[in-house]
Amino acid sequence: MNRHGVKIRPRYGETDQMGIIYHGNYFLWYEVSRTTFLKEQGLSYRSMEEMGVLLPVIEVSCQYRKSALYDDDLEVFSSIDHLTPTRLSFVYEIVRDGEETIATGKTHHVYLDPEKKRPMNLKRHFPEIYELLKNLKAAKEV
Amino acid sequence: MNRHGVKIRPRYGETDQMGIIYHGNYFLWYEVSRTTFLKEQGLSYRSMEEMGVLLPVIEVSCQYRKSALYDDDLEVFSSIDHLTPTRLSFVYEIVRDGEETIATGKTHHVYLDPEKKRPMNLKRHFPEIYELLKNLKAAKEV
Amino acid sequence: MNRHGVKIRPRYGETDQMGIIYHGNYFLWYEVSRTTFLKEQGLSYRSMEEMGVLLPVIEVSCQYRKSALYDDDLEVFSSIDHLTPTRLSFVYEIVRDGEETIATGKTHHVYLDPEKKRPMNLKRHFPEIYELLKNLKAAKEV
Amino acid sequence: MNRHGVKIRPRYGETDQMGIIYHGNYFLWYEVSRTTFLKEQGLSYRSMEEMGVLLPVIEVSCQYRKSALYDDDLEVFSSIDHLTPTRLSFVYEIVRDGEETIATGKTHHVYLDPEKKRPMNLKRHFPEIYELLKNLKAAKEV
């Protein structure tokens, strides 16, 4: 499966005094969605870090169509949008009550070597991880 | 002055285990920068809310060139990018040690009527606020 | 049942550069635990707010025995500790991997009237809610 | 000087839908206050980490007398409450508009060796840091 949804219940501490979820907090949900997605494919981000691959964010965007509210019944979907040996991006969609798209977003990542603190070529250094990501992306295109 | 900078010291609680500032937290700094900017022009966001104008975010983006670190000496600049009777956007630049641009970003807002929970035409309902914003933007174009 | 557990997976954005979960974030989990607890007893905090009862926090404490880590398998238990017509407190216990207590905590609340912005006597103004809370607490003492 | 105050302007993203600052966020301000305090005494927490001393939190508490609001003019004071070769605690007081105490708190810390991931005796391993802390505490007792 090329797209993964994770249930999110907005927390009270994530609201602001406008009575809606503070816009910056959506990126925490995107993180939960993409890492759970990878994990269910056998690629736990925790173990990736231990192996020596970090996925720092180099660019993000988010479009807010409707405001998420405290205790809403949300599902946050993620899928791989673009994949190269040096870059990776995910797209997201937040759906309320199983029917209403309230937000969409995108995050761009590089692969970082935690020792050298430098970007790396994933295909060269971790070919098995690269293949797994490629398969995940390919599934999307079917 | 059409551009405003506010000093930010990243907090320990804003870091993540990669040893850098978590990407979602930059939007808190953008918020501090734009509201301080408006406040210094006599337009406190706290009093705008009391008057009946909210500025919810409808779209954001951020580009991360270098990672912000705990206790860095940062200045977060904001200016009005685009202004219409129904929309407003700001652009941001984060500068480290007075010389290095480490991130840029943008936030788009509508004007919201807190009673009706609906977007409003600011020029019609709050012409004096609209004029002030127009002057701030014009200064930029000089 | 007088004690309620909710599964929590610490998020990456909740870690800090020490490689552990930032201490302030535990209070978000306590919130999730107590509101889920009440909700499963038919007392959604969202509907309490709509009825006119807020539960602001007037005191908190937390003891950290072991550090919670990113992506840990945690269960956060809550139960009502003390209940009077004007006050309410919860106690918490965070258990890792179903066996190890890593933290305990407590939160104290008053009942607030959102119109008057003043504490209220719950037993007098919302006797049915007070009874429900009393039953939840009593179950604990059996 | 044995007590240190740092100015804090609550951020919009720190509010919740009750219209007040979410209780868990006060611990971020306590962190800012104590680290700024130490820094002004020549003991930057950033350089302490680089030297090999972490100060993880083992216990916290906070009493909320009045609610902090968005954009309030706050000063967060901190001082060393208790100091031993293996433990350190700080107490805090949050003052609004220079006159009203709205919250008090306390945080307890151990000294952690980041290599061994174990608590350490600061007096033995970093006697010069221990002396500095002792002097800071002593000033309080004069």
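By letter and in written order, the chains are A, B, C and D; residue numbering begins at 1 in each of them.
The definition used in the following text is that contacts are C-beta pairs under 8 Å (C-beta built on N, C-alpha and C of every residue); 3 or more make two chains touch, one makes a residue touch a chain.
Since the structure is predicted, the reported quantities are computational estimates derived from the model, not experimental observations.
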Farthest chain (mean CA position) relative to chain B: C
Higher-contact pair (C-beta pairs counted), A-B versus B-D: A-B
Rounded Å distance, chain A centre to chain D centre (Cα mean): 34
Distance between chain centroids, defined by C-alpha means - chain A, chain B (Å): 25
For chain B paired with chain D, centre-to-centre distance based on mean C-alpha positions, whole Å: 29
Shared interface positions of chain D, touching two or more other chains: 12-13, 17-18, 20, 24-25, 27-28, 31, 70
Chain D contact footprint on chain C (complex, rising order): 17-18, 20, 23-28, 31, 49, 54, 56-65, 67, 107, 112, 114
Chain C partner contacts - residues on chain A that touch it in the complex: 9, 11-13, 27-28, 31-32, 35, 44-46, 70-71
Parts of chain C lying in touch with chain B, wherever the complex brings them together: 12-13, 15-20, 22, 24-25, 70
